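Before anything else, here is the set of structures, which you'll find just below.
The two complexes that follow have chain A in common; it is paired with chain B in the first and with chain C in the second.
Up next is the complex of A and B:
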């Protein structure tokens, strides 16, 4: 029983981070109708920038969020303005391949600069844990989960309460009607891409606390992001949170009761099942 | 180009051409909306009315010709810039922001439309919700509105951008006679507040009742321009349009 509770608790904590990591992908798809394969690049850049700041200046990963958020926004908005924007009227697969190219460039640049070795980042609290009743919860996971939830609240308030949020929602719901109501759609696209990338990079900062830093980081978590976003309903902020937590729990249950090696199989299975069910829905 | 003077043209289309592949949807069209005017735009299906609206509002670029708003060329501008210069439109089939409340979708137009110093977006939105009689549904989710309400909401969203010119596309279609009268009443109020209107409509009663002049299109070209009385007597119009749809 205690085992099960521990597994569930740990799954929930990881799941909130999954949701935070994935949300940018859903936001960009919702507003631009573009599948951002460069999401993997921004996740990886996030962990590398955080690791590098820690290794060079001893900066705490949580503090480095103050850098990865604006940096991610600037990089994302630039990618949209300089690259994605040019392919506005091309078929979706063109943009998909373009952004895949961006990811490959980033990944290989990281191999070139830092090599392929796994690195990890250790802080004073990395191995700490907290006893809650019979459960033992990892401190980094608690912190990261709390930051993710906070990020979700900020994002939800931004979408609901600010003019930028209103513009993002209008463009996501009907681009043409938004433009005809005076919404500067071009700028909204750049902002959406910027926010989505800022979320991905800062997710990298958070995740550097308990995942190893390698140029392949993005590959693994891009797939999980897809899984969460497809399961949660692309642009549905609440749905994505629930889907992230669901995936976190499913993975931890599998790792604990079946085998750790099967952990990453879960997201493949869930993604496949979700796509098959969606297909059945639309038939 | 000089600025607008009283009685000057609000909207001018000069020699506008739009082709889709081999089909010429609008052919060397000249059209003028004068200050203070309601211009009816009629013609059989496929005459090019909606295409013309798409050209005026910047959704399509013309293949040749010019479009001017208060003397300023707008045919090369994106839709949101044209909206901010003071031209708004409604849709034949309303295109509401389905996941918003009625008030929020009006707020989109109020915040991002034409800037008028000294007015706040929420005041403007409130005023447009009231004008279109949507107060009871103010906080209702848009997807729960019926067709008549969605049409009024579309009108409210367009009005919230504080247009100088409003393009109205078949706002009476699909409504019952009471709703048509109510809608025509709203358009009169809009006109009285100083907005020029181009009104595309198949419901003849509504468009003939409210228009100062009527511009008749067929196959993308002008076949008649005149007062409602004049165009309904015009043989070319009767031939192209009214003759086919008028009852016994």
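Up next is the complex of A and C:
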């Protein structure tokens, strides 16, 4: 019983991070109708920037969010302006391949700069834990989970309450109608790509607290992000949160009761099953 | 026999005869015969990928799962005592079955959704393959070196497989099936409304793709004599197929052949000297093709040939 409870608790904690990590992918898809394969690149860049800041200046990963967010925004908006924008009228698969190219370049750059070795980041609280009744919860996971939820609230408020949020939602709903009502669609696209990338990079900052840092980091979590986004509904904040937690729990149950090696199989199978069941057959 | 079939058969025999003529040149040393084997392998794989990726417009990032099934089928049967030639039909059938098993549900998706679903299937397959101890687990299988078929037989086998794949591709392109797929690629709803059985046609062509990809896996196992899950089920393999076809010319019969050659050349001669940046080089190539030459090299080459003809004639 305690086993099951602690598996569930850790699943929930991981799940909130999954949801936060995936949200940028959903936002970009919602506004631009583009499948951002470079999401993996931004996640990986986030982990590396955070690790580097920590290794060089001893900066806390949570503080480095103040750097990864604006950096992610700038990089994302640049990719949109220079590359994605040119393909705005092409079939979505072309953009997907283009962004895959971006990811290959980033991965290679990271291999060149940092090498392929696994690195990890240790803070004063990395190994701390908190006893809640019969459960032992890891402090970094609690913190990261709290930050993810906070990020979600900020984002939801931004989308609901601000003019930029309104413009994003308008373009997501109907690009032409939004353009006719005076929404600067081009700028909204760049902003959406920027926000999506900022979310991915800051998710990398958070995740550096308990995942090892390698150039392949993004490959693993890109597919999980897809899984969460497809399960939860591409732009549905609440759905994404539930899907993230669901995936976290499903993975931890598999790892605990079946085999640790099969942890990642769950997300891939769930991803495919979710896609097929949704029959999202719009091009 | 229709005039098309007769012509294709003659072209195929001509290609085989041509490949037989230049065989002594390519079999001169182990390196050049390995290059020939890799070229045949690439042609087979790229042509197979193009059937569903080019004609039907369904971009698959998961063909490695089919390749791996073929490679493992041949290796395990060979180790069980069957002659490698006898294992090849089994590899094709098993790969086709596996392809239909996941293609049937996934092909209902279109565009980017299909592409992502194929990544999911292929990665799940790779992880599971790493954990099957009966198949050697993560360390893979080593095949009986002493039973190596020898360069001449491997060359002949590869040549026949590659030419057959191109002929299949040409036949599909011209058939009712191929026309249905192209209609589907251009406009799925209109195709369905005009009586194209969208679901069945896609699954049929995917079964052909899977069988050919399985044969490729089988051929790979036979000439490398060593397979590991990370390689034969690897994502890199799936990506290389997409690149080959895009470079050569997607949706054409000769594009994949051209792309297979260009890719092999790049891999062997350009990237060998740039090993550190080969991922970035492929990424840059991908971006370059998509932004500037989305139809690949084949249309350019055709243009060039027409120009020469006009000059000469």
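What we mean here is this: the second predicted complex is superposed on the first by the 279 of 283 C-alpha atoms of A that agree within 3 Å, B and C clash if a C-alpha of one lies under 4 Å from a C-alpha of the other, contacts with A are read in each partner's own complex, and residues count from 1 in each chain.
Definition applied: a contact is a pair of C-beta atoms (placed from the backbone, for glycine too) under 8 Å apart; a residue touches a chain by one contact, two chains touch by 3 or more.
Every value quoted in this text rests on a predicted model; they were computed, and no experiment measured them.
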In the superposed model on chain A, is it clash or fit for chain B and chain C?
fit
Consider the C-alpha centres of chain B and chain C from the C-alpha centre of chain A, and write down the angle between them to the nearest 10 degrees.
90
A:58 contacts which: chain B (first), chain C (second), both, neither?
neither
Quick one: classify A:133 as touching chain B (first), chain C (second), both or neither.
neither
Taking the superposition as given, does A:163 touch the first partner, chain B, the second, chain C, both, or neither?
first
Touch check for A:97: first (chain B), second (chain C), both, or neither?
second
Name the contact category of A:173: first (chain B only), second (chain C only), both, or neither.
first
Which partner, once the models are overlaid, touches more of chain A's residues, chain C or chain B?
C
Quick check on the superposed pair: does A:181 touch chain B, chain C, both, or neither? Answer first, second, both or neither.
first
Contact-wise, after the overlay, does A:116 reach chain B, chain C, both or neither (first, second, both, neither)?
neither
When the two complexes are placed on top of each other via chain A, what is the minimal CA separation of chain B and chain C in Å?
17
Give every residue of chain B touching chain A within the complex, in rising order.
57-59, 78-80, 83-84, 88-89, 91, 95-100, 104-105, 107-109, 111-114, 157-158, 160-161
Within the complex, which stretch of chain A touches chain C?
35, 83, 86-87, 90-94, 96-98, 100-105, 107-109, 111-112, 219, 223, 226-227, 230, 259, 261-262, 264-265, 267-269, 271-272, 275-276, 279-283
Write out the stretch or stretches of chain A touching chain B in their complex.
163, 166-167, 169-170, 173-174, 176-186
Partner chain A, residues of chain C touching it in the complex:
57, 59, 102, 105-106, 108-113, 115-117, 119-121, 123-124, 127-128, 130-131, 188, 235, 239, 242, 246, 276-280, 282-287, 290-291, 294
